[in-house]
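Look for subunit A in each of the two complexes below; its partner is subunit B in the first and subunit C in the second.
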Partner chain A sequence: MSTLIEGLFNGISIGSVLLIAALGLAIVFGLMGVINLAHGELMMLGAYATFVVQNVFKPLGEPWFSFYIIAAIPVAFIVSAIFGLILERGAIRFLYGRPLETLLATWGVSLILQQFVRSVNWLLIICLGIFCLLFFGGMQLLKSRADWESMRTKIVSLLLPLAAGVAIAFYFLLSQNSALTNAWFSARNVDVTAPAWLRGGVEVLGFQMPYARLFIIALTILCLMGVYWFLQRSAWGLRIRSVTQNRTMSSCLGIPTAKVDALTFALGSGLAGIAGCAVSLLGSVGPNTGQNYIIDTFMVVVVGGVGNLLGAVIAALGIGILNYLIGSGTLALFLTTISAPQSMIDFFLFFATSSMAKVMVFALIIIFLQIKPAGLFPQKGRTAEL
Partner chain B sequence: MSQLGRRKFLLYSSTGVLASLLLKGCADAGGGDTAANTEAATTETAAADGIKVGILHSLSGTMAISETTVVDAEMMAIDEINAAGGLLGKQIIPIQEDGASDWSTFAEKAAKLIDQDKVVTVFGCWTSASRKAVLPVFESKNHMLWYPVQYEGQECSKNVFYTGAAPNQQIEPAVDWLLENKGKEFFLVGSDYVFPRTANTVIKEQLAANGGTVVGEDYLPLGDTEVTSIITKIRVALPDGGVIFNSLNGDTNVAFFKQMQGAGLSPEQYPVMSVSVAEEEVKQIGPEYLQGHYAAWNYFQTVESPQNDKFVTAFKSKYGEDRVTNDPMEAAYIMVYLWKQAVEQAGTTDLEPVRAAAVGQKFAAPEGQVTMQPNHHISKTVRIGEVREDGLFDIVWSTEGPLEPVPWNQYVKETKGFACDWTDPNKGGKYKAA
Partner chain C sequence: MVITESIISDRQSTDLMLQVSNLNVYYGESHILRNVDLSIPAGQMVCLIGRNGVGKTTLLKTIMGLLSPRTGNIFFGDRSITKLTPDRRAKSGIGYVPQGREIIPRVSVKDNLILGLEAKPEGRKSQESIPEEIFELFPVLKTMLSRMGGDLSGGQQQQLAIARALMGKPRLLVLDEPTEGIQPSIILEIEAAVKRIIAETGISVLLVEQHLHFVRQADRYYAMQKGGIVASGSTAELTQEVIQQFLAV
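Let's look at the complex of A and B:
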C-alpha cells in the first residue's frame, strides 16, 4: 500500500513539473499553432525573476524573506509575459501560418535570450534604452507627417543607423565605468534557495513528501484552474476560443484578432514564467535551464493532442508516472511480487535506470503516436483537417 | 492561423520536437562568455621578443563556466611572473584560444597555437574528452601540454604534465576514509559519461578488495534535473542510511542536493561524498542544501598556510572580493610556476631540456609542497572537507604529506602492476613494474 501511494505521489510530482512547464506551451502551440522554441528561455526568465525577487527580499529579513516565493510568482509571470508580448509583436505576428520560419525565428530568440542573461549589465540596458528611445520615439514623431507612407523606407534607413550609432557610441563612451559593465548574472548558475518552510517534507506512511513538490503540485492545480476559468468563463477567453476556431469569421464579427493573438501569447509566456519560478525550487537556475525542459514540454503537448488542456494534463501525468515506475525499478519489483516470468522481470530491470527509463518512455510514445497520430484528444468536426 | 488539422499538426509537432532536440544539442555547444577575451587583447602590446605561451580553454559554451575560472588563475600566475621581472629576462606573452566546449575545435586550436603562434608550451583543457582530443596533436608534434584538472587516470603521456589529482590522490583516499568513518554500504550516483563510469568501476574494485559493498548505482543524463526515481532507489537500497558517492557533473548536482533535502535524506544518515563539487559549485547550489556533506580535493580555500593566504588575497584583489578559489584553479596556478622553474633551470624554452628539467621541480604551493614526478604527475596532499554554513569547507581529514601519483590504476586488472617513468628511456609511458 505504502509503495503504491509513494509511487503515485512521486509519479504525480514528476508529472506536475512536466505539466506546469507544458501548460504555457499547450496554449501557445496547442491553441495558436506557434512552435515556440523560446518557451524554455521564457521559463528561464521566470527563474531569473525569482532569483532577483529573492535578493530583493533578503535584506528585509524574516518574516518577509520566507514569503519571497509568493511574491516571485506574479513577478515571474509579468516578466515572462512582457518578454512574450515583445516577442509576439516584434517577430511572431509576421510569421503566422509559416511554421518553419517561426521555428527558426524562435530558435534565434532562444539563443539571444540565453546570451542576454549571460552578458546583461547596466551599460547594455542603457544602450538598448537609448536605441529604443531614438528609433521608436523618432518613428512615432514622424508618423504624424502626412507623407509618412511614402517616406517610410527612407526614414527607417536613416533612423536605424543613426539610433544604432548613438547607442554604440554611448557604449564605448561608458565602457570604462566598471560599475556599469559588471554583468548582473554572468554565465555562472545562480543560487535560488527555497525559503525554510519549503525545505524538508512531511512524513506520510513511512516516506517523506517534500514540501517543494507539494507546493508545485498545488501551484499546478491553481494555474490549471486559472487557465480553465480564463478560457471558459471570461470574455477574453471566449474571444480566444473563437479566434482559434475560426479566425476569419471572428474577425468579421468584430473581434480584434491581433489583440487576441498578443494576449494569448503573453498568457502562454507568463505561464512559462510561473513554471520557471516553480522549477527553481528543484533544479538549477542558469542560462541553460530552459534547455532542460523544452523537449519534455513539446512531448507533453504532442501526446496530449492539439488545443486540449485535458489532453496535456493526462499526458503529463501519464509520462511522469510511467517514467517513475520504470526508472525507479518499482515496476520490476511489482512484477517480482506477482511472480511474473523471469524474462519479463529482467527486461524491466534493464530499463530501471534513469537514462534507460527515458529511452523506454520515448519508445512507448512513438508507438502511441503510431496508433493515435493526433494525440490523446484529436480535434474533431468539419473544420478539422483530417 | 486557421484550424490546425491532424496532418499539419503532426508535421508541426514532429518538426517542433526534432528542432527542440537539435536546439538542445546546439545550445550545449553554443552560446558563450566573452569576458575573458578582453584580457588577451591587452597583452598584444607587450614586448615583441617575449616568450609566447598558449592558453587553450573553453571561453564559450557549456564548459565556459568552469574553464574561465582556470584561465583567471593562469593569467594571474603569468602576470605575477611578469611583474617580478619576467622569465629569462623576457616577458611571458599569453595567447588565448577558445576551445568552445567542442572537442574537435580544441584539436584545431592546439595545432594553430603550435604551428602558427609558435608557442613554447600550452596550458589547457578541462574535460577528459578535450584532453583526449588534443593528445594526438601534442604527441605528433612532440609538444608540451600542462593539464590542471583531476581526472580518471589510465593515461601517461610524454607530452602532457598533469597537475590535477590522479585517482589515487582523490577518489581512492575518499573511499578509504568513508569505509573507515561512514559505513560499508555505498550507493554510486554519476552523470552518464566517461569519467563517472570509469571512476565507479575503480570504486567497485576497491570496495570489493576492502570489504565494502555497492548496493546500487545509477547514472543521469548530463543536464537532467529529475532525480525522484534515484532518491527512491537510494531509500530502497539503504533503508537505514549509508554512503552516497556522487560523481554527478554540472546542473544535475543542484537538482540532486535540493531534492535530497526535500525527501528528508539528511547528511547525518546519508552522507554524500562528491568529487566534482568545489567552492565555486557550492556557491551556485546554495550552501543551505550542502551543509554537512563532503568533498574530496587536494586544495580547499580554507587550507591554512602562508602560501594560500597570499594566493587567496591576490586572487580576490585581482578579480573581486566575492570570488572563491578552488582546486582546479590552484592546480592551474601552480602549473605555470612549475613550468617557469623548469625553464629557469634549463636556461632555455626549448622543449626537450624543459621537459627533462620539469621532472623533480618542487614548488611551495597553496596546498602544500608539490613535486613533479618522473611519471609527469605531481605528488599532492589529499584532503576531505565538510561543507559549512558560509559555503567553504572545514577540512576534516588530510594525508600526512604529499601522496605519490599512480596514473595506472592498481585495482583494475588490465593495468595492475603497470607504471610510468619518462626519465628512463627504457621504461616510458606504460611498463610492467616489478
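Let's look at the complex of A and C:
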C-alpha cells in the first residue's frame, strides 16, 4: 500500500513539474502553432525573478521572508510575460506560418537570453536603455512625418547605427566604473532557498511527502484551473479560441488578431515564468535551467496532441508516473514479487536509473507516436478543448 | 455656382455607402481584378453576377481587407478604408458573410453570435445578450444555442453566419453566395430574411449570387467578366439576354 502511494505521489509530482512547464507551451505551440525553443529560457527568467524576489525579501526579516514565494509567483509571471511580449512583437509576429524560421529565430533568442543572464549588469541595462530610447524614440518622432512610408528604410538604416554607436560609446566610457560592471548573477548557479514552511513534509502511511512537492502540485492545479477559466469563460479567451480556429474570419468579425496573438503569447510566456518559479524550489538555478526542461515540455505537448489541454494533462501525468516507475526500480521490484522471468527483471533493472529511465520513456514515446502520430487526442485544425 | 456644385458632390459622397474606384488586384503576378469601379447607394441592395472564377469573391475579399489592391481606392461612407486592416473595417460597419460561411467550428452557436458583437464600434461589453430580433429572423438558431457551430447543417450555418454579421449592427452587409449548396426552402427563408433586414434597418447590401430569383430582389446589378465590370444597371432592366451572356454556362 505504502509503495503504491509512494509511486503514485512521486509520479504525480514529476508529472506536475512537467505539466506546469508544458502548460505555457501548450498555449504557445498548441494553440498558436509557434515552435518556441526559447520557452525554457522564459522559465529560467521566471526562476531568476524568484531569486531576485527572495533577495529583496531577505532583509525584511522573518514574517515577510516566509511569504516571498507567494510574491515571487506574480513577479515571475510578469517578467516572463514581458519578455515573451517583446519576443512576439520583435521577432515572432513576422514569422507566423513559417515554422522553420521560427525555430531558428527562437533558438537564437534562447542563446541570447542565456548569455544575457550570465553577463547582465547595470552598465548593460543602461546602454540597452539608451539604445531603445534613441532608436524607438527617434522612430516615434519621425513617424508623424508625411513621407514616413517612403522614407522608412532610409530612416531605419540611419537611426540604427547611430543609436547603436552612441550606446556602445557609452559602454566604453563607463566600463571603468566597477560598480556598474559587476554582473548581477554571473555564470554560476544561484540558489533559491525554500521558506521554512515549505521545508520538511507530511507523513502519510509511513511515507514522507515533501511540502515543496505538494506546493508544486497545488500550484499546477491552480494554473490549470486559471487557464481553463480564462480560455473558456473570459471575453479574451473567446477571442483567443476564435482566432486560433479561424484567423481570417475572426479578423473579419472585428477581432484585432495582432493584439490577440500578442496576448496569447504573453500568457504562455507568463505561465513559463510561473513554472520557473516552481522549479527553482527543486534545485539550483542557472543559465542552463531552461535547457533541462525544453525537451520534456515539447514531449508532453506532442504526446498529448497539439492544441489539447486535457491531452497535455494526461500526457504529463503518464510520462511522470512511467518515469518514476521505471527509474526508481519499482517496476523491477514488482516483477520480482510476481516471479517474472529473470531476463525481464534484468531488463528493467538496467533502466532503473533516472537517466536510463528517460531513455526508455523516450523510446516508448517514439513507439507511441508511430501508432498515434497526432498524439492522444488528435484534432482537426488548431483548436483548444479541455 | 461653385457652392451648389460642392453641395452636390457632398451629397453624392454621403449618399454612397461604398465606392470602389479603379481597383487592381493581383495574386502574385496574375492580374485578377482589372480597373474595377463599383458603388453602392445607401439603403440599396446591389447584386454582383458572373460565372465562376471571374473575380467576384476576390472583389469582396478586397473590400473586406483580406487582399490588398495594387492600385485603387475603397471609400466607405466618406472615408477611405483602403489601408485599414479587416478588423478595423468590420468595426467601421461592414458585416461580412463569406462563401463557405466560416463558422468558428469548436465554439458554441451562442458564442459565435456573441463574437459578432466584436464589430460594434464601441467593442463588446461584458453584459452580453443576443437581441430578440435575431431569433425572429432565424428562429431555428434559438433551439441550438449550446450546440457547437461546426455541428450545424449547411443551411443552419448560413443563417448563423448572417445572424452573426447582423449582431454588430453593420451599415453594409456583404453576402458571398448565401444560397450556395442549400435546399430550396431554406433559400426562400434566407431571401425573406435579407429582404426583411433591409426593410427594417435600411442597411445597404452587396450580394454575390447565382440564384436568379434572389438576384431579382436587388435594386441594381453589376456583371463581371474576366476580372472587370462589363455591365451594370437597374435589375428591372436585367433582361434574359444579359443573363444568358453573363450567367449561363
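Things to note:
Following the convention adopted for this analysis, the second predicted complex is superposed on the first by the 379 of 386 C-alpha atoms of A that agree within 3 Å, B and C clash if a C-alpha of one lies under 4 Å from a C-alpha of the other, contacts with A are read in each partner's own complex, and residues count from 1 in each chain.
We take it that a contact is a pair of C-beta atoms (placed from the backbone, for glycine too) under 8 Å apart; a residue touches a chain by one contact, two chains touch by 3 or more.
Everything quoted here is computed from the prediction, not taken from an experiment.
Once chain A of one complex is fitted onto chain A of the other, the partner contacts of A:266 are absent, as it touches neither subunit B nor subunit C.
Within the superposed three-chain model, A:192 lies in touch with subunit B and out of touch with subunit C [touch as defined at top].
In the superposition on chain A, no contact is made by A:117 with either subunit B or subunit C.
Shared-chain residue A:295: touches subunit B; no touch with subunit C.
Looking at the shared chain after the overlay, A:313 reaches neither subunit B nor subunit C. Contacts of A:238 after superposition: subunit C is touched, whereas subunit B is not reached. When both complexes are overlaid on chain A, the residue A:255 reaches subunit C alone and has no touch with subunit B.
Of the two partners subunit B and subunit C, more residues of subunit A are touched by B. When the shared chain is aligned, subunit B comes close enough to touch A:358, but subunit C does not. Across the superposed pair, subunit B and subunit C both touch subunit A at residues 245-246, 248, 383-385. Remark: subunit B residues 1-17, 19-21, 23-24, 27-28, 30-35, 62, 64-65, 68, 192, 218-221, 223-230, 232-233, 235-236, 251, 253-255, 258-259, 261-264, 280, 283-286, 288-289 touch subunit A in the complex. The touching residues of subunit A, counted against subunit B in their complex, run 6, 10, 13-14, 17, 29, 32-33, 35, 37, 96-97, 99-100, 103, 107, 110-111, 114-115, 118-119, 183, 186-194, 199-201, 203, 207-208, 210-213, 243-248, 261, 279, 281-284, 286-289, 291-292, 294-295, 298-299, 301-302, 306-307, 323-324, 327-330, 333, 353-355, 357-358, 373-375, 378-379, 383-386.
The part of subunit C that touches subunit A in the complex is made up of residues 64-66, 85-87, 90-91, 96, 98, 102, 104-107, 111, 114-116, 118-120, 124, 126, 164, 168. Interface residues of subunit A facing subunit C in the complex, by the touch rule stated above, are 235, 238-239, 241-242, 245-246, 248-258, 381, 383-385.
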